[in-house]
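There are structures below to look over.
Each of the next two complexes has chain A plus one other chain: chain B in the first, chain C in the second.
Then we have the complex of A and B:
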């Protein structure tokens, strides 16, 4: 990897570790290999959002041309959000694409992602199903997102109603994660979800 | 004079001294080692030669030179001058006069007479400018080079000259005293200035008030410049590039330690980083022309050794940069042979071969009527862009042709399946 990329990541790594956000447990970064090409980030779900209390893990890949090109970031933790794919974790965020600037850092990227969790852009969606739900049935979206945060990100807000519905689906013989996705896309209508799972 | 006319010059051949002169007998320079005191190391004579035993000049004091002469002329002096002391003195007089007076004309006449006679090339002005070419004194390298200096006056005070014109001497400050020590002290015919408390050199003229004032002004100006420079360095010291995140003045190699100043914002970048960012191809123009920190657009980057932040300093820097570029010929304009896409906005010089500055050309629009009867505007296309475009087109065409071919083959194979009378030749032809 180009020299400048490694040198910069090393510096940034130190910067993130020392930053205020790390001290308040909002973000963190750790190395996954010795060459500084892959890192693992973590952001806390921002307060007053359905993601509150959750911890979201991110996969960060540093391209050779960094910082002249943005890092490739993806959610490892599953999340229900209009701008993040509920299947792959791919993120739709302008600064990770054409609006990147060379002065941005790992820290600013992670903070931006945290801000994205608090301010979704349903008109520029990554996951069309989630975006549709967000626009048409906001209450249902928030319930679903909260449940996903509970199920995957370790948030403590459990919704007994949704858990009950999930149990129903699982008792019908479906795998839990698949059942959850199906229920979420069908606005937690158990029959429709079952139909979708069988089709 | 008789010696001067001999084909071998008076200057000792330096190849001969090293034992490698290929000219042998025909060499224009002297191969007479014994007779040439220029062979004596002048640094040795002064007391210290860094080469020590390895010096290729002799480390002996010239025996034939009288003790009195050494005292008078401590610098190595050519030997033949001994035979005519008076002549030597008059020769010096001539030299001095030439330097103060009509030096140019003297050299010119020398030149013409020398060039006429190839025998005397060795005494050409290149070797002994300002000297009488056929002077009685043999010349050492040092004296030849010394008198070749544009301000040869510097060399004169090394040996106090009995015939120095006192009027001339009284107007000049002794350069040795300026730098701290003149070995002739009180006896020096030149003026020893008073100590300047700003520059710490004895540069203040003892009585000429105009020169005193002049020097003081110079010193103050110099001092201000130094101060400004040290402020600039202090300002730049811990500036960190926003792209590579390194302290710009600590980057390696040192040639990288330059700032790229953006005209419309105050964010710090090193020159190479910001230039690389601005030449990125993967983003829109709007993104890369903007500052990577604040996204304020700047039209150009100005290189600078120091960090410049205040508006006035920046304006001065940019003006200086534009001036410097304005003296260089534009590589697109090519002195009239090419065309510059930036036209009148180009920072570089648009001048023709004869030096006349080109007038800004109005942008020409060429139009034509296309097949539908509409007006088309021709864009100016750089050859490079054209090639790139054409290459892409060729690739596309190839792809098309391939698709076509595959389609034909499919079609043909269908046909050949249905009717067996197609010969193999046809299939071969298609493929």
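Then we have the complex of A and C:
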């Protein structure tokens, strides 16, 4: 990797570690290899959102041309959000694409992602199904997002109604994660979800 | 301040000089008399000795060019007073203007040298002392102020937001600080790379080309 990229990441790493956001457990970064090409980030679900109380892990890949090109970031933790793929964790955020600027850092990226969780852009979606639900049935979207935060991100807010429906689907012989995705996509209609899973 | 004071001083000097000249004109007397007898009243009394005295005055100030000029002119007419009056009519006003400062100077310096004469004019005695104090104290004060502002700790806070090197590190490695037209500062290497890849300011995303950057000296 280019010298400037390694030097930058080393310095940014120190910056993140010293930052206020780390002290308040909002963001964190750790190295996953010795060459500074891959890192693991973590952000806390912002308060007053369905993601509150959840911890979201991120995969951060540093390109050779960093910081002149953006880092490649993806959610490892599954999340229900219009701008994040519920399947792959791919993120649709302008600063990680054409609006990247070399003066941005890992810290600003993680803070931006945290802000994205609190301010979805359904008109510029990554996951069309989630965006559709967000726009057409906001209450259902929030319920689902909260359930996903509980199921995958360790949030404590559990919804007994949704858990019951999930149990029904699992009892039909479907795998839990697949059943959860299908139920979420079908606004938690068990029969429609079962049809979708069988098709 | 100093220049103003000096000017005021010289203006006062001129007035005095003119006064003295006028009395000299009227009576055909020169300053030499005064040195012997500081009081202006005496001038009138020593009419005859005054004429010879004028030569002495000029001789004493040989080391000063201004005075020599005057004496050269005066020697022709045998009296410094006539010098001013007898100059060519076409150039009189101009020459006078030029001469006056010289005269002033001569008289002032004369007065400064001879304390007896000084006592005849209180203003001149006071003013030089003031004018000397100010130029000495002022530059020192300003010098101190400048030194403090230069060594302020804020200076080291300038750094390139791309490589994150500070000003010292950038200069130590032979790079230089550069500013974009939008006012953001980077090291020359990073901003060049950045413009090559994105043609935008790395801080504010304003459109840039290679000519939108210039060195900056902080």
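As a working rule, the second predicted complex is superposed on the first by the 199 of 199 C-alpha atoms of A that agree within 3 Å, B and C clash if a C-alpha of one lies under 4 Å from a C-alpha of the other, contacts with A are read in each partner's own complex, and residues count from 1 in each chain.
Keep in mind that, in the parts below, a contact is a pair of C-beta atoms (placed from the backbone, for glycine too) under 8 Å apart; a residue touches a chain by one contact, two chains touch by 3 or more.
None of these values were measured; they are calculated from a predicted model.
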Combined model on chain A where chain B meets chain C, clash or fit: clash
First (chain B), second (chain C), both or neither touched by A:99: both
First (chain B), second (chain C), both or neither touched by A:4: both
Clash with chain C, by chain B stretch, listed 60-68, 150-158, 204-212 or 294-302: 294-302
Chain B/chain C common contact set on chain A: 4, 7-8, 11-12, 67-69, 99-103
Chain A-touching residues of chain C, taken from the complex the two chains share: 161-164, 184, 190, 193-194, 197-198, 200-205
Contact footprint of chain B on chain A as seen in their complex: 4, 7-8, 11-12, 67-69, 98-104
Chain A partner contacts - residues on chain B that touch it in the complex: 242-246, 267, 273, 276-277, 280, 282-284, 287, 290-293, 295
Partner chain C, residues of chain A touching it in the complex: 4, 7-8, 11-12, 65, 67-69, 99-103
